[in-house]
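Next come two complexes, and both contain chain A; in the first it sits with chain B, in the second with chain C.
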Partner chain A sequence: MALFKKKNKERDDSYYYASQWQLMYQKFRKHKLAMASAVLLIVFYTIAIFGNFVAPQGTEQFSGEYVNCGPTPIHFFHEGEWEGPFVYGLKRDRDPVTYMNIFVEDTEKICHIDFFAEGDKGGEYKILGLIPCNIHLFQAEGDGQVFLFGTDGMGRDLFSRVVLGAQISLFIPVVGMILTVALGLLMGSLAGYFGGWVDNVIQRLIEVVRSFPNVPLWMALSAALPATLKPAQVFMLMTIILSLISWPNLARTVRSQFFSIKKEDFIMAARISGAPASAIVLRHMIPSFLSYIIVNMTLTIPSLIVGETTLSFLGLGLRSPATSWGVLLQETNKLETIMFYGWKLIPMIFVFLAVLAFNFLGDGLRDAADPYK
Partner chain B sequence: MSEKKVILQVKNLTKIYKSGKTEVKALSDVSFDVCEGETIGIVGESGCGKTTLGRSIVRGIDATSGEVLIHTEEGVINFLQATREQMKKYRRDIQMIFQDPYASLDPRMTVFDIISEPLRYNSNMSKKEIEQAVEQIAEQVGLNKAFLRRYPHAFSGGQRQRIGIARSLILQPKVIVCDEAVSALDVSIQAQIINLLEDLQKEFGLTYLFISHALSVVRHISDRVLVMYLGRAVELAETEALFSTPLHPYTQALLSAAPHPDPDVEINRIMLEGEVPNPANPPSGCHFHPRCHYKTEQCEKEYPPFVEKEPGRFVACWNCGACKAAQE
Partner chain C sequence: MNKNFLMFALRKLATMILTVFLISFVVFFIITLPPGDFLTNYIGRMAEAGEAVSPELIAELKAHYGLDQPFVVQYWKWISNIVFHGDFGYSFLLSMPVTSVIKAYIVPTMVLSLVTMIFTYAISIPIGIYSAVHQYSVGDYLFTTIGFIGMAVPNFLMGIILMFISFKLTGNTMLGLYSPGMENAAWSMAKFIDLMKHSVIPILVIGLMNTCSLMRTMRGQMLDELGKNYVMAARAKGLKAKAIRYKYCVRAAMNPVASSIGWSLVNIFTGTTIVAIVLNLPSMGRVMHEALLDQDMYLAGSWLFLMAIMTVLGTFISDLLLAWLDPRARSEYLKG
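Let's turn to the complex of A and B:
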């Protein structure tokens, strides 16, 4: 009895007045992992949008001096005394065993970290591509360097490049997702609404597209891109390539939703009420599978993130100095890199986190998608 | 009954489902007249075409051939082939109540939106008029006005069925097809809904086509009963006449299968042999002959016409005489 009592208690009056979306949100909120993922993704996207501000360096900057430098530790105390956040200066040295270039901290030299630092050190950028600005979230004073994630083979700050790379790695999938959804919705609705031979043709097309092995197809399509294109154009074309391959899943979902909902009693009730076809589709059918589409959209993004990363990793996508997480991982395709410069794998953690977060988010949404079951 | 005004005529209604090369005649050549203000019960076992018949009449599904004639002030109109303007005018005359009160209400709309939806497409009423109409109808079917802003998930089966009834009534139809309207409900709720339907019939002069497999319910509510078997009408008669002396052997068997509330009453159960034939491949001649106790050679060759054997009694059988004699 206690079990039932508890359930009834939760269903107060507001439950009866709650619309589909309110019920969905209530259910979604209970999925802790999905909520956490949503928060994480919001943080990621915010950082990506304001990437130029967060990153201490711009994409074009490099230094011949600090090549393959490991992450610089941030200190707060100097010889037992509080100094606030600072880094020591870096001294180049040679490993006595391997004779490799290494960097050691010069404890004589203290460089404080300035927050909201203004100056040319980090380079100029435009806020949201509009307002020129040269303020960065943090910067070491003088000629000190803060390399949170170390530097790459050209002496570029990896943290900056991860942040700036997020702009592409996180937004290509969203643009690609929109294209995918548009294509999937169109094809799926055509197949589901008309049925018959239209359905047959689209179904076969889906099977053909799905049966291509992804990587060779990407390679072929990317090879077709001229090397002279600007990063922005490559960006657009990559998006199109990715969405041309990923629409079939969504088209299938939409089609099957059309078929199953077409036979629902409430659709027939609407027809008997005299509702025209447009009203049936817009007022009854689309609202009833909209939630599924949103779930599908969320679950499409991770595969696009991985797709973009794979393409760039293989050198088929963007090229330096333009940056994305895949471009950053390009350097790790040698065993030597992983052995000596482990920090260069850090971008992978972000790919991993983003994909995982989108999957959990999609999971939570899927559980919440049909609040009536 | 014959002096009453005919309001709806179903003529040779046929519905064929095709799947590849096989054809299934879900409904073949069903014809009957419906008089104003009466309730016609439509009975038969699962898969006999009751629901297909109801849905074809309201144009929920498109019949393959046949006519549904409605008698209006402007004359007789074939509802199945009405023009767009005619539909706009007469759509409201034939409405339907669904079997499943859960599946037939769109869970994403409020009760108010559900009930008012037919008005949206069939009238030019203002928002205020619609609101008044919905509130009035809600009161008539026993729904609390305060519940109109709620969503269907807030209601029990019986209340949902009241919402469905309100939706079908809002256009002030003349004929309502009740497709198993109470079958999905608890027995106590069934009684409430049946009483409600009867009250509404008296109040608005409604005509019901009451589709059901529950013989006791049909006997209670119907003026006349149509019995169906494998997509065909086999017998149509006034309720009491049909229940006391069925003229078709199938009706006889069907009625004998109905349970009786008193366990001491002995039922002369007529056991039929075999199964219901596959509708994709029905037997030759009379569809019922492989299971019939009275079959003759003729039954295997020709399908019996659905004709008036006794005043007001339509039967599709070659051997009604033998069937009737056996009961006496």
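Let's turn to the complex of A and C:
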């Protein structure tokens, strides 16, 4: 058993010279899934930041012509000959069984896809909100249409909406996470540093918040938001609501860390040399368990993504015309979507991937957080 | 029952009552959160529907809920009505007292939650033990993967995905608790089978997240126990591996699982609420959603209150259970 397992691997000097953070990085790189997740998340966030460039359509555009159109396949060969990437034109038809409107490819008409196309189809936007620009990553020439993920019930390109929705769905959780961490750190360190009645009060508070089922409490709080708010205000308040409920986990971690570190010699030394409480906490205590906080931060984000998506999905969070993944999924809760418009479930894949990637990333970080093990 | 245990229970009970008191405050705060008091909204809505509300009724409602008085007085009226008269207020959405709404829906909701809870524990504990005993086997990797996915996918997505799969496979989305036409039929074998069929997706969805996290806890605890010295000592004395595993390790590993009953309830309530909305089940979750969309805060708030109380009760029970299972827990707690 474990007793006889040879644990000491041969290590060169660099291992013993490496700092704690270097060791963590080395250990993290060994976690393949976490590395892959990190790459995926970087791709997601980059696309979200340059969303207006990547998305062929802006948030406010729609074409009543192409309502509930399925994904348009991208072809490379026309009648056996190389054409480069192109789509066929679309023509309206009727399903022979259900008599519903459907779109079929018009194989007579070829519309090539232009990359870095400047055009009025996609509409203008500002790069990073500053420089006006009109170039889009790809566009079909003429009156051709590229709907990579199909269109929704208003004729909006679903791919564009997924990309633009990512701007909200991926950034609300980050802002919320920052608030959560600030709150959790504050409460946790107050409880852990002072102990006694302060600790008791904060413990009760944590218990109260944790006694509510998350999502129903989120629902109740966001339902109380007045319906007249602007999307930006709803965005702000939603972030605050999400973080108001998710801080207790971090606070508990911080508190228990405080209790275990408080009795260490170096804290005693700092106190004897007359360092004020704030300096002891900020300079000496928090850095010593920073890695745990980072892990907790990473694991908070997926739960906030789920929170935002769920609330918007239930019609209690962001509402159209604001676009987030949850708003996109509102359409999936209809029977006809499940029966006839399967492509409208595509945004789910992105919610799923983002949440899973953050979970794996957090898992990898947790392993790396203790590099001496 | 010894004195130690009684002291432990009493102290836990005292904290529980304090927590419930604080929770009631939070809930009442949420109820009063929407701008404008609910009476004004109610009168507005009645006027929209073309019905005038008599001034006497307004005055009576105002007095009953203490609307012109400060927050604390209003709170006192609300809580004393609940405690002394079992009156949770009035639902303007359904035009009936909240208490009767809750009475109508609480039984199906509780049955669904309980069945799911049993299902959760019945599945996750054996799988956790299996994964720990066969660490790094194919089965362990399989369950670990399922566990991660189950914890990562939001409940409502899982509901929709299962509906989609069920539609593709059988041509039926399994919405509601009964097939159309079955709802009002007399109880028969066919109806029972129909109900069972429709319960599969809800139970899977509600239980999945909880099952996965319990599975992970059980696996971790079991691995810890298996590596301890007493296992080796027992092996050295000639006890069979199986006997050690089930007689000692599983018992010790169960403690943290038992102490998680309260938090499992939180997960399950969240699950039931969302699944009820997505799958259109006749349970409190759907009613709460409708109430919230309409800012009918008395109805929604009361249900939130009940869920929180049940969670606190669950935590209390699991604390007692843990103290009974593991004497170390209660002595540590009493020492401070």
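We take it that the second predicted complex is superposed on the first by the 342 of 373 C-alpha atoms of A that agree within 3 Å, B and C clash if a C-alpha of one lies under 4 Å from a C-alpha of the other, contacts with A are read in each partner's own complex, and residues count from 1 in each chain.
The rule we apply is simple: a contact is a pair of C-beta atoms (placed from the backbone, for glycine too) under 8 Å apart; a residue touches a chain by one contact, two chains touch by 3 or more.
This one's a predicted model, so the numbers in the text were calculated from it and none came from an experiment.
Asker: In the overlay, answer first, second, both or neither for which of chain B and chain C A:Ser288 touches.
Answerer: Touch partner of A:Ser288: chain B, not chain C.
Asker: Is chain A touched at more residues by chain B or by chain C?
Answerer: Of the two chains, more chain A residues are contacted by C.
Asker: Could you look at A:Ser14 and tell me whether it touches chain B, chain C, both or neither (first, second, both, neither)?
Answerer: It touches nothing on chain B or chain C.
Asker: Considering only touches as defined above, state whether A:Ala270 meets chain B (first), chain C (second), both or neither.
Answerer: In the superposition, A:Ala270 touches chain B alone.
Asker: Which partner does A:Thr98 reach: the first (chain B), the second (chain C), both, or neither?
Answerer: Once the two structures are laid over each other on A, A:Thr98 reaches no partner at all.
Asker: After the superposition on A, what does A:Val208 contact: first (chain B), second (chain C), both or neither?
Answerer: second
Asker: Of the two partner chains, chain B (first) and chain C (second), which one does A:Pro226 touch, if any: first, second, both, or neither?
Answerer: second
Asker: In the superposed arrangement, which partner chain does A:Val355 touch: chain B (first), chain C (second), both, or neither?
Answerer: second
Asker: Quick check on the superposed pair: does A:Ser278 touch chain B, chain C, both, or neither? Answer first, second, both or neither.
Answerer: neither
Asker: So which bits of chain A does chain B touch that chain C touches too?
Answerer: Comparing the two interfaces on chain A, one with chain B and one with chain C, no residues are shared.
Asker: Across the complex, what residues on chain B touch chain A?
Answerer: Result: residues 55, 58-61, 87-88, 91-92, 95-96, 98-100, 103-108, 110, 117-118, 121-122, 147, 149-151, 153-154, 164, 167, 171 of chain B touch chain A.
Asker: Mind pulling up the chain A residues that touch chain B in the complex?
Answerer: 15-20, 23, 264-266, 268-276, 279, 284, 287-288, 371-372
Asker: Across the complex, what residues on chain A touch chain C?
Answerer: Within the complex, chain A contacts chain C at residues 1-3, 204-205, 207-208, 210-217, 219-221, 223-224, 226, 302, 306, 309-310, 313-316, 329, 332-333, 335, 338-339, 342, 345, 348, 351-352, 355-356, 359-360.
Asker: Over in the complex, which chain C residues touch chain A? Could you list them?
Answerer: 15, 18-19, 22-23, 26, 30, 33-35, 148-149, 151-157, 160-161, 163-164, 167, 173, 175, 227, 232, 263, 266-267, 269-270, 273-274, 277-278, 285, 288-289, 292-293, 295, 297, 300-301, 303-304, 307-308, 311-312, 315
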